[in-house]
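In order of appearance the chains are A, B, C and D, and numbering begins at 1 in each one.
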Amino acid sequence: MSELFEPKIVAFVCTYCTYAGADLAGTSRLKYAPNVRIVRLPCTGRISPMFILKALQKGADGVLVSGCHPGDCHFTHGNYHARRRWMVFRALLDFTGISPERVKFSWISAAEGSKFADLINSVTEDIRNLGPFDQYQQLIKETESPATL
Amino acid sequence: MTRILFSDKLDNCVAKWRSAGLAVIGPVQEEAISRYAAVEKGTDFDFGTVLPDRSLKELFFPQTEPMLRYTIKKNEIDTADFTPPQGKRIIFGARACDASGLEIDDPLFGWDYKDEFWFQRRNESVIVTIACTKADDFCMCTSLKLEPDSTKGADVLLRPIDKNKGWLVEELTDRGREAFALISEYLQESSEPALPTVVVPEKFNLDACVTWLKNPENFESKFWKEISMRCIGCASCTYLCPTCHCFDIQDEGDTYSGIRRKNWDSCSFALFTMHTSGHNPRSTQSARWRQRIMHKFNYFPGKFTVNSCSGCGRCSRQCPVDMGITETLQAISNL
Amino acid sequence: MAKIGVFICHCGENIAAKVDCTKLAAAMGEHPGVAVSVEYKYFCSDPGQESVKKAIREHNLTGIVIAACSPRMHEATFRKACAEAGLNPYLCEIANIREQCSWVHTDSEMATEKAMDITRSMVEKVKRNNNLQPIEVPVTRRALVIGGGIAGLQAALDIANAGQEVVLVEREPSLGGHMAQLSETFPTLDCSQCIMTPRMVETAQHPKIRLLTYAEVESVDGYIGNFKVRIRMKSRYVDMSRCTGCGDCITKCPAKKISSEFDCGLGKRTAIYTPFAQSVPNMPVIDKASCIYFKNGKCKMCEKSCQLNAINFEMQDEFIDLEIGAIVVATGFQIQNTAVYGEYGYGKFPDVITGLQFERLASASGPTAGRILRPSDGKEPENVVFIQCAGSRDPSKGVRYCSKICCMYTAKHAMLYAHKVHGGKTHIFYMDIRAAGKGYDEFTRRAIEEDEASYVRGRVSKVWQENGKLMVRGVDTLLGKPVTVVADMVVLATAMVPQHNAKEFAKTIGIAYDEYGFYNEAHLKLRPVESSTAGVFLAGACQSPKDIPDSVAQASATASKVLALFSKEKLEREPVIAINNEATCAGCWGCVLACPYNAIEKKDIRDRSGRLIKQVAYVNPGLCQGCGTCVSFCRSNSLDLAGFTEKQIFAEVMGL
Amino acid sequence: MITQERYRTTVKELLANGSIKMAIGYKPGSTPDRRRPLFIRTSEEAEQLVLDSTCVQNLSGYLVSEGLLSDEKRVGIFLRPEGVRSINILAAEYQLNADQIVIFGFDSTGREVRPLDGRSAREFSGLLNELKEKPLQIYKEPLLERIEKMNAKERFDFWQEEFSRCIKCYACRQACPMCYCRRCIVDSNQPQWVNTSSHTLGNFEWNIVRAFHLSGRCVQCGNCDRACPVNIPLRLINQRMANEVLDGFDHFAGLSATQEPVLASFKKDDTETFIL
């Protein structure tokens, strides 16, 4: 029997909504999968596409990006800007073969502790089903091998 | 009487070399570009192109090469060297300009610090060149005092015979003889004549150019600005050049472990000479283009007594704005 | 060379029970750049903090990571400890291994592994932290109070009485809010208007208060201490500088049959009107939708009757721009739409009314001059049934929460009715009687014992009409059987809900709200009157259902917060702001567009002779709020965000 | 030929009367099928001007080379419609003042070259609006359709193969009129967001970042694609992103000099079906 694949997932979240939602999940003692590592940022507007690429380079099998619901941004419209960027970046990743299934976006408010827990579980499960991001990890491995020929 | 290698025997030769432990490399036409790449059988070769798009240099000096792996530990830094790939190989069907390029760069890679990555590969490679029977508008080896059948940098020179039937074999070095001894059973004595090598017209007067370049007065000539006005500052000329050899050393990885790499770099880039202070001694594209020409035809020969150009013409052939060494040296010749 | 201290907190058993802290401390101790890595039961305790400070001094630490609870809990605590130990407070990072690790995972091994990643990543980040200094911003000492109900009035008066300027904005033509509609108030049964109207007048006459009625907040920009607020002055069609409030126009207005909002539809008003007799300011407005002139182009009776030429049909909405330092939101509530309870027959049977309508009936200034009369026939009802929780605590149809005030006002209604209609009978259907509050339980006991209110514990399933009577079918759960009560009038204790536009308004001001639209406090227990946005405070029922004493108390609390803010000339702010690398900036101004705060300006770069070389972006540190939207826009990577720099985040990701 | 001659005369006139200090056009290249950029400052230089269907390079990038426009004198330039769009973007991003640019517009169908009406970018707005409505030719490219039909793995394999050839010569960047940054993000090494090494991973990162930075800004002039010495079909990525912003935000890059950059602006009702 093969061992259950434990995907590595990196989440970039804003501190005002999703990070607070994650805290709420904690204070509510909800249980969820331990596969996600959170990077806290002031706002989704701060989340640059470069972060996602670097998470992949660090071997992530999936990436989650999350912030305040539209209209709820602490900085009034950081999340609106983020939303556009994500849409474009997501299409770009899709076009270059990085499946949108691996890079997920969500809105989670400070009040949605249970949504956070559920989302982490479902994202973990989804990425687990997709399996390791072998194609990308192969590229990473190549950088460590000497030049051929 | 010379010996001939018939094309229909090429497959056997490749098999023979491979079974003797030699990797076989040759000009290959891929979907998008032509280049020197590994071949497994005779039909993998493509001898039809004037010159592969990418030069032979990259087989000795790849665009990126890991040198050492480092891990920063609590109290020390662990390092592990990468060794250059071991294993003999035969490069079959190189062009004379590409082979010359290797020999031009040998002194550079060995004059103070011996670049083991370069020389390991050099020592393990047998270079078999094929004399050119055709050329295009960009070929200019003759202007560099080389010929389409130059033997510089080659271990064996092949001269094509008619109707792509095969090649006359001229073994030039022991290394070449050794490699061809392996396939001697496939060589035939023959008196068939070689096809004439292509006549590549001389495009500029190299000596006149060098004289002009060596004149310090011309360093600040407004010629440089005029000739390079349309240069966009990319590195396609330098990266495709069989002799350009500049590299940068980069540490790449996460914050406490990674790999130190040797990467191609180019004097065309503004950042090439940018100081930390923000000052750039070569602040304009014309200064950078001048550097490239000066380096190839003034500074490099000043140190190594050979021009850093073998006349392949790739710089002009691939330039997005139709510049190149030819145009510049022609213009200097006409000054 | 970095010398990082890693302090791993057990949080009693909260962390240590799941995360192997010893293993974590040992692993971090081996990490490059870590000078000291220790564990302790409670680092937030005094001895815990002391040990951190001692370690900072002894090891000459260049940064610390506290692996403990969420930074939202104790970041400030440990930053302070750093400062006390002589380390810049911004060289402290928190690794959240409690809320986001030990509390949420079951597998100890995986939790420990995750805690290691989290902590290591923070170590890598903190190595790249910079010394930061708090930013000082000036404070405009002028408060904006939004809402002229009791909460808004209290806040405005408290602030003004302390000598600070206040702008009070009320969207209705008069101050007063819901409290002005009430008859008597529990638990003292003193007349609502008797205590309310003097406050209204005091507010209007206060030299420090600028009163803007019939006005709405159009937009709010800026940030704590420096808000820029635009107010829309809705056109009254009455020139307030001329009007004396004589009321001639009201008398002459031929459109007299308009349902009065103030009287909850039980009374009528004219098209030019003041909401009620004691309105402040006592100046009418023209209700454009009902005005005959506006509808037909003919009439102008009011204009003709006005001897002061105060009527102006050409009047347009005007805008006032204000500079404001702090905002008190006191926008109140509304009652739930009773249509959701079709089975209670509200709207179908005229004698089924809401509690607020009952208030108007009971009010001496109301449409019946204080007599309890049935809307249908004007007769005194002999039997009145009160239905509590008509909407509240009802997840299926109404709202899940308790509206808090209904138990008390229903008891009050029963008492008022008993006092006004001798021999009248009252039945009150209830789920629980919630009477926590000073004098509250005594009050309900009085209703039961002295005024013979008959409490029936159970819910009402249906109200119907039979022979001119209202039949109320419910269940008496204490007896365990259904009951039917014959009534002349039914009063619904409808739920208190947020104003219909509460959510949109929250977006206008930039504050957070809950699923219903009540405004979120920054911390339910510790910061109950602050909104999630610095400088915006919450008073009254806009935050959650409240009675008058609570609203007033909260309003005074907001006043003290505002006054504390105004006690300083300058405000210290987190130095999390964007900075631009002028050498690499390409001047594309995408950041200028992306910035939500207009904090990015164009700056000329000139050479020594004064010749303009280029223009680059300049981030105004006073305006920048540190969201970082510009940073991730910047293609040339010229902009960066202090506290969350590109280097820090890169290291953080690479440390994972 | 007629177009070429007419423009030659116009350029000479404008140079002579001082309306422009320079015109950027084309002249014969090193082989008969090649054209190279020409900088016309004198009547003699104008004689070298060639205008035919092989004049394909978008020359607008030269306008932002350091110092050219700083004296506020006007410069003429030969542009196809895509080139006019790049002028608009450069103006919208404050890299140049559109009023300083005198446009010699042209377009070609087959071997025929025809002039376009208008001298300033503003005057081309009708034409550009028409272009927005017309389905883009390049969209019909079979390769793009093929890629769109692939699954994620196949697409990754496809691009991995393409990007593995990249040598990081940055010809794509240097050839692009939109890549005017003084320091490109790849050249920023604190931190090094993009691996500068030209292993496939680094190449992947570079090409993704490049395409992202051009999203909503690329006018499909094809400069990058033609410049690439290893023939990576860069146009396809840019085209895909152009379609994305057109479909998603009704944004057609370079429609006017006052157009807001698509990624520095937003609408509250932007689609978000992909957000969980």
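Simple rule for what comes next: a contact is a pair of C-beta atoms (placed from the backbone, for glycine too) under 8 Å apart; a residue touches a chain by one contact, two chains touch by 3 or more.
Since the model is a prediction, treat every value here as computed from it, not as a measurement.
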### Summary
Every chain in contact with both chain B and chain C is listed here as A, D
## Note on the structure
Comparing A-B with A-C, the one with more C-beta contacts is A-C
### Message
Please identify the chain lying most centrally, where each chain is represented by the average of its Cα atoms.
### Response
A
### Rounded Å distance between chain A and chain B, as computed from the means of their C-alpha atoms
45
### Rounded Å distance, chain B centre to chain D centre (Cα mean)
32
### Summary
When centres are defined as mean Cα positions, the distance from chain C to chain D in whole Å is 51
### Task
Name the residues of chain C that each touch 2 or more other chains.
583, 594, 633, 646, 650-651, 654
### Query
Considering chain D alone, which of its residues make contact with at least two other chains?
183, 185, 192-193, 195, 197, 199, 202, 263-265
### Shared-contact residues (touching 2 or more other chains) in chain B
64, 252, 254
### Task
Report the residues of chain A in contact with chain C in the complex, numbered from low to high.
6, 10, 15-16, 19-20, 22-23, 25-27, 29-32, 34, 37-43, 45-49, 51, 54-55, 58, 71-78, 81-82, 85, 109-111, 117
### Message
Per the contact definition, I'd like the list of chain A residues that touch chain D in the complex.
### Response
49-50, 53-54, 57, 70-71, 77, 80-81, 83-101, 104-107, 119, 135-136, 139-140, 142-143
#### Entry: For the chain B and chain C complex, residues of the former touching the latter
72-74, 253-256, 278
### Query
In their complex, what parts of chain A are in touch with chain B?
58, 143-149
#### Entry: Touching residues on chain C, where the partner in the complex is chain A
70-72, 96, 98-101, 103-107, 110-111, 113-114, 117-118, 121, 503, 507, 510, 512, 514-515, 520, 532-533, 576, 594, 596-597, 625-629, 631-633, 641, 643-644, 646, 649-650, 652-654, 656
